[in-house]
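Following are the structures in question.
Here chain A shows up in two complexes: once beside chain B, once beside chain C.
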Partner chain A sequence: MAKVIGPVGIREPALRKSAFIVAIVALCALYSSAQEARPTESQVEAVYLYNFGKFVTWPDRASQRELFGICILGKDPFGEVLDATVNGESVGGKQTKVQRLSNVEEAGSCSILFISAAEEKRLPTILAVAQRMNTLTVSDIPDFAERGGIIGLVKQKDRVRFEVNRKAAEQSHLVLSSELLKVALRVVGK
Partner chain B sequence: MRTVAIAWQQDAFESSSTLPPIILLFVLSAALPQLAGAQVEIADSQESSNPLKQMTLEQLGNVQITSATKEPEQVWKTSAAIYVITHDDIQRSGATTVPEALRLAPGVEVARIDSNKWSIGIRGFGSRLARDVLVLIDGRTVYTTLLAGTYWEVQNLLLEDVDRIEVIRGPGATIWGPNAVNGVINIITKSSKDTHGAFMSAGGGSLEGGFLNARFGGGNGKSFDYRVYGLAFDRGPEYHPDRDDYDSWRAVQGGFRSDFAPNEHDSFTLQGDIYDEGAGETVTSVTYAPPYSQTVRGTAMLSGGNILARWQRALAEGKDIQLQVSYDRTNRQEPNFADHRDTFDVDFLNRFRVPGRQQISWGVGARSSRGTNPTIVSGLFFLPRTRTDALFTGFFQDEIGLIQRVLSLQVGTKLLKTNYTGLQLQPTARLLWTPTEKQTFWAAFTHAVRTPSDAERAFYLTGFSGVTVNGLPLFARFNANPNFRSEELNGYEGGYRKLIGQNVYFDVAAFFNHYSDLFSEDIVGAPFVENDPPPTHILLPAEFGNGLVGTTRGVEFVPQWKPLHWWRLRASYSFLQMNIRKSPQSLDVGSAPTIEGSSPKHEVTAQSGFDLEHGVSIDLTYRYVSALQKLKIASYSTADAQFAWHLRSYLRLSVVGHNLLQPYHFEFASDPAPNVGIKRSVYGQIAWQR
Partner chain C sequence: MAAVRPNSISTRIMLMNMVVSGVALLLACAGFFAYDQITFRQNLVRTLSAQAQIIGANSVSAILFNDPQAATVTLAGLSGSRNIASAGIFTQDGRLLAHYLRETGEDILTLPQLPRNDTEGHWFRTTHLILVRRITSEAKPVGYVYIRADLREIAARLRQYSLIAFTVLLVSLLAAALISSAFRRSVAQPIVQLAEAAKRISQNKDYTTRVTPVGGRNDEVTDLVNSFNEMLRELHKSHDELEQRVSERTHELLAANRELEAFSYSVSHDLRGPLDAINGFSYLLQSHYAAVQDEQARELVGNIRSSGKRMAELIEALLNLSRVTSSAMRLEWVDLSSVARSIIHELRRSAPDREVEFIAPDETDVYGDAQLLRVLMENLLRNAWKYTSRHETARIEFGAVREGGESTYFVRDDGTGFDPHSADRLFQPFQRLHSKSEFPGNGVGLATVRRIVHRHGGEVWAQGAVEKGATFYFKIPSLKNSATEGLRPGAQRAEVRNG
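After this line comes the complex of A and B, so read on.
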């Protein structure tokens, strides 16, 4: 009985096997030196959010906003990353300001509105309100541009690209630069 | 006998010296990338000026990103000890069943009893049915009121379609149903919107005789999506010292899920499963006529099905309504007992916000479970044979934002009434403090109950003790106890989570649980001569009582580190100290030490996952579980490994090895003896997706 349950027979092979695992870990660590650190999806998306402002012209009405509001509607996927990216920057001569909203009706001061994936169900309402406010809508909700959003962020394997809905932009009276359209993975609503 | 026990305890003590190699392994694996990663740190410091911002849109689109640990965000603002096992985690573990996947969660003790049975416990109280743990699959309770707990062998799922498994250690928040005393396991499958296309996987190996999984999903591209699936497997026996390989397991299962969202507010889900299984086992069959007691080898014939419909209306952020109805049919035919059961369940839930940063949730539910248990052997029966168990439940919860985004308080209570109990309250208060975006403190108090089941209130279980000098057989029988009350818990817990930089995350939780009225095995009288059931015998009367009290305390520490975008390290350490004893007037025969001795004091898990080039990934897992003193199960260390190759975007090959460090080891005690060894095993799998 004691022989069956005693760990005596386990200990030494366990050490040998640990050594084997350590060897694998070491090999992989060496392999690592050839690689460099990559940014996270949130970091890239945050930079996109801020960058899009440079390629869009807002109608005069919206230009009266004092600050360049970058807003997140619903559950915030960025956390500190967005603030760190945007703080102290200005777009079109206006100081940027990050705001977090729980209701789209609060988006009056937002030049750019990022719609959290958690809001997917309310998308039609959100887009209708945002259009009235001449706000650039951005989201990583699947088929966002197809579904009437202006810029949809799309994850392609390990890269983040974007799709544009030109018609949705026109309806919001936003003018998209040709460079933005050129780089877009896909342009819908031509 | 005595010497064996002493020798074994020494062994168990010595075995703790197997810990240092693990620590050594961890220190080494931590130190190596530090050496190799010097230039990584430089890259990080350059990032503070954020080179991404200097890039053109085109360049930005070509930046390769790392899939950051999303998990911390999901659990970040939960005032409970929660751990989420993601789809990816399950796939990388090579687990083929839900219990095996649960090994990934800290504080959960998973011990395989044989090929088709497990003992599972959360923060102690490990047992075959895990009676203090509530298990839900897509919101449907799979906890049975027959013997209190979950029959794990009939909770099969197409793991490819599982989105995540949320494991809550400790009494769940108000919203969960009854019997969530020590934990909640919430299994959530993917929406059918996310499972379009065909999927097939097939494989086999040394223990997995063969398995086949298939799914097809589609939709109309707008509001309606569906999937159908089928699975089948045949699993061989584990290691039997006496070569009685009784525990093979085979199953066939099919099911569907459809989701319909006709407008932006409403969504409907309809899903169902149907299964048929045979699980080999040995049971003790006791009869009042000779041969009195024998070990019978047979197959548990398990079949059934379920269907669930859910309507959700989301009106705004934090404002929604949900109505869910489900029906479950269970057929269980074992060599010594049977259960045929219909369960209906309805639940309503409503959440809304009130001014002053308050989020109110409330709900009501009812369940009816009607079961018939025909007697197969005279020593094991239910009276009455057909019974209906009823449950009425309600809850109310208010989440108050004391300081916006920083401090919130959750207070609430569950209300519960069953056919065996009056109205019972289960209040909770939870405090969540997030001083910065990168750290969370939480603390909670909860009162929770495990309601009486048919096992205590309608069950008669006989054991054979031997033949007395006068030639009459002596039996001990646990009679149904109409006075059995709920088991009660007052739980105090707290935790801390922190994200350090981008890549290091840790979660620590500690608890102190005080139990009263715990399940005991009481001798309630002197032996007497009994004629009914015939033939004449001597009976020692016993019953299941509420005679134990006790405390448990422990800590779970869960660090995660992603040193490089292609390398992930995770570990967990769980410590548990149980102190269960008889209450002063108790007639318990001495079951407390067995309860204490059925859960490990220390558990360690360490995982290292590598995503290499050409679609190759390697995952290594190390596990250490300390001894189960009373069950005479020695401590063990073992390891799992998976090598997977994404040959094409639609084709994946993998080879998985489980329990690699020894030919076999024991994890739990079998009833009846002898114990079954859990074998080293290897299987290969090919998965195709279109």
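After this line comes the complex of A and C, so read on.
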């Protein structure tokens, strides 16, 4: 539909020449692969996970965390993709850090907690702990938002979308930006 | 006021006013329009930039979470801005996430390349302004807002401006014309009056005319009018003085001249009385008392007789000269050829043994006084006759040379001639180039000739050399030429004859 014009020229400033060339090659590869196969669901979810951080305000005591922890509880569906997406990025001036947890008690330094579908059975406990830790809970467990999670990822016609539970966010003392609510598929717990 | 001349001062003032106001207005309009264009464009860019900023800020989540609907809703806010033709939100890799088209026919959006370090750029196309702004999140670029604004409004403004400028121009030209005609009275009117007065004066020679200064103003034109009037007064005064002086002098001269003439006439006339007595008594002495005289006495009486006779001739000549000067002139057409022939005829009769050839044109008409012209011809022909008397045969010619519409008449002989160095003395009275014993004469003839020619307003001169003959030229300009122009000599003569 739209022509891609000069993606090279409009990338980040101050690229060195080699990096510049690498970027071109990488982008060309990305572009061609995008033409053949759209980014996988887990790739999109990984990017979303990171982007949610930009539209959420954490309470002061949570702000004392030195790093912006993005944690995965249980079976990791992203693998290398998440690290590749998040590495070197920062949210709210804090360096991001990916952590893989097996127990929700370890989530003290996590700003965002992704709960794998395998943890569905222990969901109430996890959510209760996360709420106390002022952690943004995200999961692709069906009806996650309905069930007390803050952001539930939903698949809709090949697109990944999300539902938001404002009440759960409030209970965790998290403020969700209206921008986020605007693009949410559904907002529950009003 | 005189008829309007295309170059008159008032017309020029009006034109000047109109041109000045027209040019000033056009320049002002152009400047204003240019300023308006610049500010309009700047404002347009500023407005678009603000709109792009808002759209960009509101589209971050839509881009990050790949939500075209949310982006479309954001873009739909632009429908409030009439001049925005199309807009779009592009992802960082140049994919069009959402777009807004004011009308379905709008162009497909193409994203111009934004310089790497710039957050925003705009491009003026012929009909559009394109503005692209980078959308950032957490200081990182995530996409672009593209807005395309219609510039047709500018063209519409231009048209509107031109119309207004044209109307204002027309109205102000009209106003300038009206104001000019109002000012014309105060500025041009005095100058026009002055010019007309000057023209009238130079035509009529009426130096009593005065120009009235307009109004109580004290400007250059008033000065001009005053100076002009002053000059007129001076001119009038000196003109009058001059006229008076000339007439006084003329009177004096005429009186002196008349006195002189009267004197010379009376002297000549009065001299005749005693001279007649001398001549009469010496005649009696010679005729009745010859017997009582010896040879010597008879010779002396003979001398008295011849001297007295000569003196009588001299007095006669002087009286003639004076008559030539004072007699009234009666102008008519005179055939000088026939006058010359009759004179030659008389001369031949007085000396029948001389062989003299005479040549003259059939008819030579001259407009002048018949009596004076006859005296003129007589003097010249007698001269020629006299100065050819030493030669066995002689040839006398009368003729006319026409040159540039003017006739020069001449009397030529092949006689004794004269020394050309003395030519100017020829026409002085009592001046003789030859001794009396050589050729008899009293030295008044050529002086008479000159007077006659001068009275006719002409001139006379002579050419000649010793023993090479002499030629006397004279010109008689047709007196009152304008009055007689067109009248043929024949017709004029017939009239004279009838009268």
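Just so it is clear, the second predicted complex is superposed on the first by the 154 of 190 C-alpha atoms of A that agree within 3 Å, B and C clash if a C-alpha of one lies under 4 Å from a C-alpha of the other, contacts with A are read in each partner's own complex, and residues count from 1 in each chain.
What we mean here is this: contacts are C-beta pairs under 8 Å (C-beta built on N, C-alpha and C of every residue); 3 or more make two chains touch, one makes a residue touch a chain.
Bear in mind the structure is a predicted one, so any value in this text is a computation, not a measurement.
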Which of chain B and chain C A:E106 touches, first, second, both or neither: neither
Touching partner for A:D158 - first (chain B), second (chain C), both, neither: first
Dominant toucher of chain A (residue count), chain B or chain C: B
First (chain B), second (chain C), both or neither touched by A:P77: first
Which superposed partner A:V91 touches (first chain B, second chain C, both, neither): second
Residues of chain A at both interfaces, chain B in one complex, chain C in the other: 1-2, 4-7, 10-11, 13, 30-31, 44, 47-48, 51, 55, 159-162, 179-180, 183
Residues of chain B that touch chain A when the two form their complex: 4, 7-8, 11-12, 14-15, 17-18, 21-22, 24-25, 28-29, 32-33, 35-37, 39-40, 43-44, 47, 50, 52-53, 55-58, 60-68, 73, 241, 261, 264-265, 267, 314, 316-318, 437-438, 502, 563-567, 608, 610, 612, 618, 620, 622, 632-637, 639, 660-662, 665-666
Chain C contact footprint on chain A (complex, rising order): 1-7, 9-13, 27, 30-31, 34, 44, 47-48, 51, 54-55, 90-92, 159-162, 177, 179-180, 182-183
Touching residues on chain C, where the partner in the complex is chain A: 58, 60-62, 64-67, 70, 73, 88, 90, 92-96, 109-117, 134, 137-138, 140-141, 144
Residue ranges of chain A touching chain B (in the complex, touch as defined): 1-2, 4-8, 10-11, 13-15, 17-18, 21-22, 24-26, 28-33, 35-44, 47-48, 50-51, 55, 74, 77, 79-80, 84-85, 89, 102-103, 118-119, 121-125, 158-162, 179-180, 183, 185
